[in-house]
Structure formats: C-alpha cells, structure tokens
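Chain nomenclature is as follows: A, B, C, D and E, assigned in order of appearance, with residue numbering initiated at 1 for each chain independently.
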Amino acid sequence: MAEVRLNAIKKAFGPVEVLHGISIDIASGEFVSLLGSSGCGKTTLLRIVAGLESVTSGSVEIGGRDVTDLPPEKRDIAMMFQSYALLPHLSVAENVRFPLRMRRIGTLDEQRDKVRDALETVQLGHLADRRPNQLSGGQQQRVALARAIVSRPQILLLDEPLSNLDARLREDMQVELIEIHKRLGLTTLFVTHDQEEALSLSDRIILLNKGKIEQEGAPREIYAQPATGYASSFLGAANLVSANITEEAGGPVATLADGQTLPVGEDETRRGPAVVALRQEDVAIKPKGEGVVEGKVRTRVYLGARNRYVIQIGKEEIRVLAPHDLDFERGETVGLAIDPARLRVLTEGE
Amino acid sequence: MAEVRLNAIKKAFGPVEVLHGISIDIASGEFVSLLGSSGCGKTTLLRIVAGLESVTSGSVEIGGRDVTDLPPEKRDIAMMFQSYALLPHLSVAENVRFPLRMRRIGTLDEQRDKVRDALETVQLGHLADRRPNQLSGGQQQRVALARAIVSRPQILLLDEPLSNLDARLREDMQVELIEIHKRLGLTTLFVTHDQEEALSLSDRIILLNKGKIEQEGAPREIYAQPATGYASSFLGAANLVSANITEEAGGPVATLADGQTLPVGEDETRRGPAVVALRQEDVAIKPKGEGVVEGKVRTRVYLGARNRYVIQIGKEEIRVLAPHDLDFERGETVGLAIDPARLRVLTEGE
Amino acid sequence: MTDRAENSLLILPGLLLLVLAFFVPIAQMLMLSVSGENGLTLAHFTRFLSDPYYLNVLWRTVRLSAIITLICALIGFPMAYIMAHVSPRLRLWLVIMVILPLMTSVVVRTFGWMVLLSRSGLVPEVLRDLGLVGRNFSLMQTETAIVIGMVQVLLPFMTLSILGVITRIDSRLEEAARTMGCSFLQTLRTVVLPLSVPGIVAGSLLVFTLSASSFVTPNLLGGARIQVLAASIYRSVTQTLDWPFAAAQAVILFLGIIVLLMPYARLSGRSNG
Amino acid sequence: MVRAVSTPLRIGAVAFVVLTGIFLLAPLVVIVGVSVSESQFISFPPTGFSLRWYEAVLSSDAYLNAAWISIQVALLVTVTSCFVGGAAAIALHRRKLPFSGLLSTLFLSPLVLPTIIYAIGMLMLWSAIFGPVSVLTLWVSHTIITTPYVIRTTLAVLSESDPFLEEAAQTMGASRFQRLRLVVLPQCLPGLAAGTFFAFNISFDEAVLALFLRKPGMTTLPVQIYGQLEFSPDPSVAAVSSIMIGLTVLLIFVIDRMLGLHRFAST
Amino acid sequence: QAETITINSFGGAYEEAHRECILTPFEEKTGAEVRVVTAYSADAFAQLRAQKDAPQFDVIHFSGGQEIVAAQEGLLSPIDEAKLSNAGDVYDFARANLAKGEGPAYSIAAIGLLYNNEAADPKPTAWKDLANEAYADHIVLTDISNGYGMLGFLMINQVNGGDLDNIQPGLDAVSKLLDNGAIVVSTSPEIQQEFAQNDAWIAAYASDYAYTLRKAGLPTAFTQGAEGTPASLITANLVAGRPNQDLALQLIDMSISPEAQACFAEKLRYSPTNAKTELAGEVAADVAYGEEGVKGLIRFDPIKIEANRSAWVDAWNRTIAR
C-alpha cells in the first residue's frame, strides 16, 4: 500500500489559521486515529490528505511521491465525509457502485457483487434500491461507509464514520473495519471523537489541539502517559486538580488546596505548584477512613455498568467512575484510594 | 410545562410501514430517552411529536389537547434535527436568535443576551458571526443545540444532539442539558444511540425496535431487567448464549452447548432450551480454576480504562469488559465468575 | 489539467461565441454612434441626452421594466413555490399553463390582448358594466396594457428560474423554521425567500432585460403614442434610417441596463459562492 | 407536514393559481376562438364556426416550410446553446476564473440590446466577411441570444447544490469529465431544462433576426406569420398559433406518458 | 441550371398578386427562376444597406420612398431607359429619376379616406371632414413612421394651410383630433383591428387596403378626398453590384407592362402607372385611372420628405406623446 507523509502543513481560511504546521508520518498499512476536540482541524487535515483542500504551506507525500498538487481523483484514496455527501440522484446501490465505476474496477457483475458485499457489511443489503433521502440518519452514514470501503483504496480516510450508530452496530462496524484493514493492509486515517474507539482500533493515535499536534503515540502509550493537561483530560477524561508538590519523608507529596495530601510517584521530579491529573477510572471509592484522601459525594450518576460520582474535596470537584456494585449515597463522606503510579503531575499552565 | 401523549401512532411512507402503533405517555417535565437501533423509527417519532410528519393513524396530545392536526409552529416545541438544518443564509448568532424572533420572545437586547448565553453554553461564543458553512461538524451541531434550547419551549425534542462531539464536550453538554432541564422543567424527548447517555440523563427510557416499543421504564429498571434479547443486547451490550435450563439440586442450572453448567438465579422459573443473557461488564475474568465456567481468551482489545476480551466457550464467543489492571494473554484459559442474580434467562426466540 | 484549465475550457466556447459573434458585430454597429460627417462626434448622444422627450422615453423604459419585473416576481415566486409543492403531475400541468403563452407568436398573442383590452373588448366592457369606468374607457394604448401584455409573456422566465432553485432547497430547513415558531407565511419570508434569491435574481435579470429591449408588445399594446426606447431604436433603424442615432440610443440603453444590473448580478454571485 | 398550510391559505393558493391561469390563458382562448371563426378577419367573439383556417394552414406550403425551417433552426440552436451555456454556467458558478462576476453580467448583454441592432450588426459583418447569409448565420445568432437564458437558469440552480458532492466524487476517482457528467450535470438539470426550453422557444418565436438574416427559401414561421398579418391579416395566423398551442400540450403529454416527465420535473 | 433572380415582395395577398401578375409570366417568358424574400420596404432597405458588401437582391421594391436614399447611397444602379421596352408608356413622374438610380414606379397606392359605410354618418368626402366632431373618437390616424401615414399627414397639413416647409398646422390639427379621442396606430393590421373590433369609422390610408378590408367582409369604403389624393409610388429598383442585371431589367420592364398593371389593379386596386393599361369599369372606379385620374394625384416632393423625415418624425412624436 502506501505511506503518507505530511510536512509542516499550514492551512488558513482567509484570516483564520486553522492548522499551524503539522507534520505526520504514516507508515504503509498503519491504522492511525486523529483525535481532538471539536473544531481543532481534523476534517481539514483529512481533506488536505485527500487533496480537496490546498495547503497554505507545507507538502503532502503519498508513497514517497510529492502529491501536494495532485488532484484527488489521481490519488488512490477513498474518503468518507462527515456530512456523508451521498449523491441524491442515485440509489443506494448506485452510490456505492460509484467509485467502482469511476475507477473502472471489475466487470459490471463483479461490481454488483462488491456492492452487495459492501452493503451486507454495513447491514443495509435490503435497502439497495432506496434513494438517500428515504433513509434514516444512521442508514445514510452506513451507505457512506460502504461507499468508502467498497473500492479498497490504498488510503482510506474516514471522518467520524460511526458517530450516528448505536453501540451494537458500532461494535459490529469496528470489527468489520479492523478486519478489512488487516486483510487488505489499507493505510487508514480515522477521525473519531470516541476515545475508546480510537484506543481499540488504532496502531497509533494523533492528538490534535487547536491545529497543532499535542501528542502522538501508540494507544497504550498515549493513554498511560498523557503529556499535557489537554491530553490527559481528553483521554480518559481526567480530573485536573491544583496542588503543591513538596518533598516529604516518604517521597514527593502533593498538597491539595484544602490541606489534604496524597503521595506522588517516586520518580516524579517536579516540585512546587502543579496540576495533578487524576483519571476518573483510576480513583477508587472506599468507605470513609480508607483511602488516602477524603471527600464528600455530591452527585451520583447512573451509567448502567458503572456510576459516575462527583466528589467534593475542599473547593474542588472531581469525577470518579466506579463499578455499579459499589453504592454510596449523596452527602456521604468517602475515602479515595489513588495509586500514586497512575497519578500524573503536570506543570501548571500546561 | 406540558405532558405529551401518543396514542397508537402508525406511520407509513408509501408501502413501507415504519411505526406500527406506538403509544407513549410522557409526564410534564419528564426527561425521556428514545433508544433503538439505526432505522427503527426514532426520528420519525420525534417528527410526529413536532408535527412535521402526519400520522397514518393514531393521535398526538400535548398538554391534554389533541394536536394531531396542529401545525408545528402552534406547538410550543423546539426540535434539534439530526442533520442540524442550520439556515445557510444566516450567521450563527442569527440562527440562534431565529426562534426568539419568530416567537417574539423578549426585546432585541434580551434576545441578544439570550443568544450570547446559549452560545456560551455550547462554548461557541467566539464564532457568533460566522456562517454555518464555515464551521466544523461538531461546531454546527452545537449551534443547532444552542438554537434548540435558546427559546426554552415547553417541549424539547433532541435528535442525537451530541453525536459529533468528543467525550469531554459531550459530558459538559450533558451537564448543561440536565441543568436546563432541572431548572426549567422542560418536557424533553431525547434520541440517542449512546446508552450511557440515556441511562445517565433520563427519567425514563423507551426502547424501540423496528417501529414497536420493545420495553420502557426507568433507567435502572430497564438496565437491570431487559425483557427481551433485543433489549439486553442493546443495553449493556449483553452476550446471548443458548443454554438448556434444568432443575438441579442447588436450584436451576443452565447447561451450555459444550456441557459446562452455571447456576441461575433461584427465582428463575423457566425450564428447557433458552437464551441466557450475560452482560459484558457482569462477567468477571479470573485466573484459571476460579469462576464458574472456563473459556479461552481469543482476543483482547485495549480500551484504555478497560479491556474487552473475547472469550471462547465451546463454540460460542462471549465478550467481556474487564478493568485495565487485569491482564490475560491471548490463548490463556481463564475462569469466568458470573453472579447468578445478574444473569437473565430469556425464552428462546425472543 | 488544472481547475483553472477546466473552467477556462468550459467557458471558452461561450466566450468565443460571445466575443466573435456578438461583441464584434455589435461593436461595428455601435461605432456608428460616434461617427459623424467629419470624424468622431458625440452629437448623437447630446441629441438624446439633452432632449426631455428622449429622456422621458428612457425613463419610461426603465420604469415599465422595473414594474414588469416586480409584478413578475410577485406572481412568479408564489407560483413557483406552489408548483414545487404540488404533486408532480399537477406541477406538469402548471408548467404547461405558465409556458403556453410563450408558445404563441408574439404578434398573434398581442392581438389576443388587443381584443380583450380595447374599447369594445371584454375587459373594459365588464368594467363598464360594473360601472367602474366611463363609456370611452379603453385599456389599449396605455402603459397598463404594456405591463399586462409583457407580464404574461415574461412570467415563465421568472417562474421557471425560481422553480429550479426552490426545488433544491432542503425541506428540512423549512421544517426547522416551523418548529421554531414560524408560521407558514413567515417561513416563506424568512427561509424560502432568502434561499430563492438566486432564482429571483436570475429571473429578474431575464425579465428586466427582456422588457427593456423588446419592442413588439410595447409597440402594439402601447401604441405609437407611448414610446419605449427599443421601439424608438427600431424606428430609427427602419423608418428614419438614422442608424448612427439608433446606435447611440442602443449604447445608452445598453450601458444604462448594465449599470443598473451590475449589483444584481453580483447578488446572485454572492449566493453562488 | 401536519397541516403545513392552513385552509384559508390553501383556498387562497388555489384562487391565485386559477386567476393567474385565467390571466395567462385568456388571450390564448381568444386566439383559439378567432381561429375557428368563419369570417375573413380577426375578430372576437368568433362569428360562426369553421375549420377552414386550419385547412388553409395545413395545406399551405409556405406555412409548412416555414414551420419546418423554424423547427430545424430551433433544434440546432437549442442543442448548441444548451452545451455552450451549460458549460459556461458551470465555470461561472465555480468562481475560480478572474472577473467571473463581470463575465456573468456580460453574458447577459445579448438580451440587453434590442435585437435589431444585433441583427444589423451581424448582417453587416457577415456580408463583409462571408458574403451571403445562410442557415449558419441564423444558427449562430440565435445561439447568441438564447445562451444567456441557459446560463442564468443553470447558475441559479447550481447555487443551491451541495458543494461536497463534487468533492466526494473526486475522492472516488471520478475524472473531471465524469464529475461533470455524473455529478454536476444531474444537479444542473432543472435549470438546464428550463433554459433549454427557453432557448427552443426564443429561437422558434424570434422574428427580428430571422427577418434580417434571411434569404430566399429561408423564411421562418414567425416571419411568415408577421408577413401574413401585415398584408392580409386573416384568422390563419390564429390557426397557426392554436396548432402550436395544441402541439405543445400534446407533445408534453405524450413525452410524459412515455418517459414519465412529471417525475423528471420533480428532481 | 436555370438562372435565378432574387427580389423582395410584401407578403400575403400582395405577394400572391405579385407572383401571379408578374413573376409567373416572367418565369414563363425567360425560363429564369424568381426567388422571393418577403420583406417590407423598411426592412428590405435596412437589409440592403447592411448587406452592401454582398447584396442578395437583384430587384428591390419600395413603397415608402426609400429608393431616394438608396440611390443617393449608391446601393442602386442607374437604369438606361432604352433597356425598358415599356418605359415610354409610363407617366413621366413615375420614371423621372431612372438615371439617378431610382427605379420606375409600377403602381400607385392612392391615399384617401377609408370609412365604415354603415356607421360613418355623414359619409366623408373631403380631408376636412376629419375635423367633423361627429367622428370624434372614431378616427384612426396612422403614425408617420408608416409611409402611408406620412402622406396622409402631409395632406392633413396641407388642407390646414401648411406646406412642406411648415408642418405646424398639420401637427396642430392632429393634436386637436387626438384631444377629441382619435387614436394612432402604426401598422395596417391594427387598422383592420380597429375597424373590425373597435368601432373605428374613419382612417386616412391607402385604397388597396380598403379593398383588402372589404374582401375580408368589413363594410369599408374608400374615397379620395376632395382636396386631392396623395400618391405613394411603388418602385422596382435595380440593385447595384449584382451579376445578372439584364435579367433584372427584364423583370422591371415586365412590372411596368400594361398587362401586369391591369392585373395588379384588378387584384389589389393599385393604380397603374402605364398609360396603356386597360381596366374594367368596376376596377377603374376604385383607382386613379387614366391621365385625368392621375392628374388628381398629389406627389409631395420626395427629396424634401427624405431630407426632413427625421425632424418630422421627431416633431410628430412629441405631438402625439402622452
């Protein structure tokens, strides 16, 4: 397949600079997720790879060749648009067949088979003859997905392909995507706002923040070691608590605003005022007296498999995800156990 | 505010019947989520409440009054469309002001304030003067959300309002929604495909399946006691395993296809071939030898806070969500602990 | 091929045709407007521009064109909206109804109007029977007659231009407006109308230019006593054989209309972009 | 939508359509009425009933030849202006060319000048360069005056199209030509259809250019009618017009039956 | 292949008569083919002028005095009288300027008063009668952009005391007629329309048209005004720069032959210009026939008309403008 290399890409819409110099190397056959908050430039980046958007500066290489000025149809890509862009005058099947027709892939019969397969993959075989405007939102999204994967391009660009699907379907589609990816080794660039999806599917995650790369790395790496406040609050939805790090007898200790202290990992070298990132699922709620700090339950939100507690410590609130079999009441004082190794200290202001 | 009552609503698009007689009562101020797989009729139902779609049969009442024939603008509703439906010729601020202008709410200055507030709520204050086509997908979605909540209608209809937002923003928006709902007591009908969202926000959940109500009830109720295979596989993404229920010494027991048995809750009365629903998060993975049944790890998917294991028992595969601190390798044989109380037996074919 | 090349290629046939088969012959004709017995002269222009009679003709032309355009828009917009929202079969019949006037030769059609509007015609007779007008009332040879006759022919240009655009408007936008408290009419005004602007502009440009440059209908319905510029040009060419003056009038008409229409062409441009 | 339009408005709309219909069709009724009149001259209400004028028209070589020529020219013109105008409109719509604003106004200019000026200019130039006029002269000049219609109506429709569609097709490997044919063209259709109809009609009904740019044996129907009216106005001109009205309706009806035009009209 | 010759004719019944009286006999006689373009004088003149580099007409017919301008501009060829066998029989005034390029007149439209002989009471006999209040809003005036209209107006001018150097009396008279409810039309079909539909009683127009209306079943009659009858000459002109002028001359000669003119008069009630033309009594009554009849015709100086046309049209327009 083909590797993709972006060199110092900048992009401005009129006076608004949206991408501030982005460089990415994607190996051939790699599955890369683009993660980042709404409006950070993910779609724009994808469109630049596709050749739909010109760059203000920088260059794009595909398969070792500079394609910055190559039009999209000459790049062997398929892109799924965030707004689907289904052709309204064509039926579902014709929409899906479109890339095959354009790229002259296979005979008519083969094309029909491929279209049928792709529609089966997204579980829409029965709606092949409908027009796009006769479909529900999720159905339209799946047609767009089928259209993107049907032609098996070297490079697959997916812009939030599963956002309108329910969990079950979503999981099915994820499995299909991974399978297709594995079987064909497509280089895939995947935009999602769902961190679990990004973590489970990707070889590598690139975290964008306001048009810059905030952090990149393998899922485990980026999840375990978020480099900045943005990264940690984005992955695993961490709580950010201000604290003062001091050296105590047993090692470094973080003193919270209300005076409570909690031990910090041995190898933490930073001292002084800092921000401590505590991931929601890394804090365990214990009965009062156990744990390293104490807090008061402010609200409990039922999430089915787990509960989310909002716990007040001094003036700050932190959110904690706890298994559903633990049951603490509103107003109760509880202890919080925190594994020092999972707590991350970030210099303030990061 | 106002209660909403749907009486035996049927709806067909030409020959395709989409809703097969739906009756729902929504109390004034209630927050009801509509859940269901893609294409099951959620949007259609919302549109019928809004008055955008005529019914084939049945009637709609709002606040005790039959409104089946009342046009949308005479119903005090606000609806957020799945496709946003932002007016392309108006700026973001004008889009949000639109319902205020139309319903003549407040003076111009008050309207401006409300628009600013609503845009702040969705964190888009800085983009007030842009046109919709200059926004990213998630930004557009938030504008649509702001436009829906700005006029504080009696009835709020939201069609997957948060699907294009990242987890962090999504949580923020959920908090805002709940606050607005609580403060103003708006009757809210909320379509989502995210079960955690539904469970955490709603007073009641209505589960649709192919145009019929599959089950309805409070979040805990519906989560804890899914009535059918569809319901249990939808909420908490349960595994459905065929088994044979027999009466043994210690109480009823389910015999799986490969001969392993696992105890079933005491009060289970069904006997014979059945389907057992096992929720992914209700199965605990233990080292080999512990637990009630054994299986082999086929794949492990990294999800950050937790891992998803696919475990093979005989010929069937089940998926299990386990905390990230447990670590089992592919191919390893593990034991599975299942609380009989959390296991549900469904008659086959349900 | 680049985008630029593609677009150039697309526009090239049209542009070539326009330049070679329109601007060149026209230029040759319009050059006459500055030709005098001894070289270049602006005499023909001063003759026109310093004469209240001709200025009045010009003003009437512009005024009538504007009125005709406005009326066409007032009828055409609702008509197009209705057409876009009825069943396809009914729409077909409505389209036929709107375009039929175009299918009759302009002279013959105008005779139809003359029959209806003249002193003993149907319309004045009815009005007379109703006691609304006097014995000698006739609609013929009035500006009203011109407006009536022109609106009938030009309506399809407006209606079909708008129809094309209205059928493209995403119906969910209208629905969204309704859920936000817009009544049907408000939706028309605040959503459909602004979004139809490109169609209205297109239609208006056609209607305005056509009414400003047509002479048969104004001549027959308005009569010799109500002159419009196009008829005056026609007369200069064929009757008084004063081609330079005809050319000067044409230049004035051309420039006047282009200047008037420039902002509108821009308007459609902006919503195109 | 539920009662999208209230009953009084509906009634209003029906009344509006009916009144507009009366307004549009009244003169045509007069014409049809005149055409079956027995009398020698054009008068209304018709005196007596006879089909002699239809007979006269249908057995007159002059009318039939003229009609045939008009149809040929109009078809040629329609096809050319449809291609030329449609292509130009697409290019103008994309706004990637320098001066596209100015250009789109300039493309209107053939409508602005009274055709007689153009007719004379064209005749002068043509005789100076090519000598005698021919069908080609009429073809070219009719194309000039009909192309603006196609451009305008197509531009208007394109302005409402989804800009992502062409891009999507591009990522699917559609070449420039395929994009034009498979994505842009279907989007243009309603506008192009209207423009094409206008083009046919304008060419078919155009009298001034046809009057000046003609030679023996090349008389179009409008010129023929014009001539008939000027020297011996009789109801035959009304009969011709009535035949044209009837043929239009019939043609649309037949095409609709065969191709389902009404479905087409809904795109 | 037969030689061809291209001419213009005026369409409708005129063209039919033209073909029957002149063209068909001509074709039979010479074996040439005549190709006709239907074009009125004004249009034909414009075409001739624009096509000056490659004229398509061999013979061009004018009824509104265009031959004077055309001859001045060199668009027409001078005619050698010797080459026209019938020239000698044609009244002098109809062949005065052959050498300048103006072709011979082959028929004359007499301008007089057309009236509805059922409604008009009393029947008009003189131009002065137009001022009769009894006709008031039943009078149709013809715009002077129309050739017949111009002659009619000049006649009104003359009976009101004006002449070609002073048309003000005419304008004043017209203005008064208009105030009384007269209407102005500019084409012949409109006159028919007015008579057929709109209760028009009197119009100043040509004799041939009265005949056309009568044939169409309208109760119209024609009278030559007592003060005189302006004549509109219909000329057949030889176009310059065409190859087969000899053939063209033969056609022109044919046009001024007595047979052709008799035929024309018979069919359309045009007055002949050939002194040898023989007409039946009934036809003769409708036209200006014979030396005597022709003497009653008034011929306004065409040179002067051409010189002033522009200014007069301007003045006229201002007078009638509402």
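Worth pointing out:
FYI, contacts are C-beta pairs under 8 Å (C-beta built on N, C-alpha and C of every residue); 3 or more make two chains touch, one makes a residue touch a chain.
This one's a predicted model, so the numbers in the text were calculated from it and none came from an experiment.
By the document's definition of touch, common neighbours of chain C and chain E comprise D. Using the contact threshold fixed earlier, the set of chains in contact with both chain B and chain D is A, C. Spacing of chain A relative to chain C, judged by their CA centroids, is 56 angstrom. Inter-chain centre distance (chain A to chain B, centres taken as mean C-alpha positions): 21 Å.
For the pair chain A and chain E, the distance between C-alpha centroids works out to 91 Å. Each of the following residues of chain B touches two or more other chains: 51-52, 71-72, 83.
Taken residue by residue, chain D touches two or more other chains at 1, 4, 6, 42-44, 120, 124, 176, 229, 267, whereas all remaining positions touch fewer. Residue positions 43, 46, 187, 189, 193, 197 of chain E each touch two or more of the other chains. By the touch rule above, chain D contacts chain C in their complex via residues 1, 4-6, 9, 13, 16-17, 20-21, 23-31, 34, 42-44, 83-85, 87-88, 90-97, 100-101, 103-118, 120-122, 124-126, 140-141, 143-144, 147-149, 151-153, 155-161, 176, 190-191, 194, 197-198, 201, 205, 207, 221-222, 225-226, 229, 237-238, 240-241, 244-245, 248-249, 252, 256, 261-263, 265-267. Residue ranges of chain A in contact with chain B, taken from their complex: 13, 35-39, 42-44, 82-83, 134-139, 142, 159-160, 163-171, 193-196, 199-200, 219-220, 223, 233-237, 279-281, 301-306, 308, 321, 323-324. On chain C, the positions that touch chain B within their shared complex are 170, 172-173, 175-184, 186, 190-191, 194-195, 197, 271.
Interface residues of chain E, counted against chain C in their complex, comprise 42-43, 45-46, 49, 66, 69, 137, 143, 145-146, 178, 181, 183-187, 189-190, 193, 197-199, 309-310, 313-314, 317-318, 320-322.
Residue ranges on chain B touching chain C, taken from their complex, read 47, 50-52, 71-73, 77-79, 81, 83, 85, 87-89, 98-99, 101-103, 147, 151, 157.
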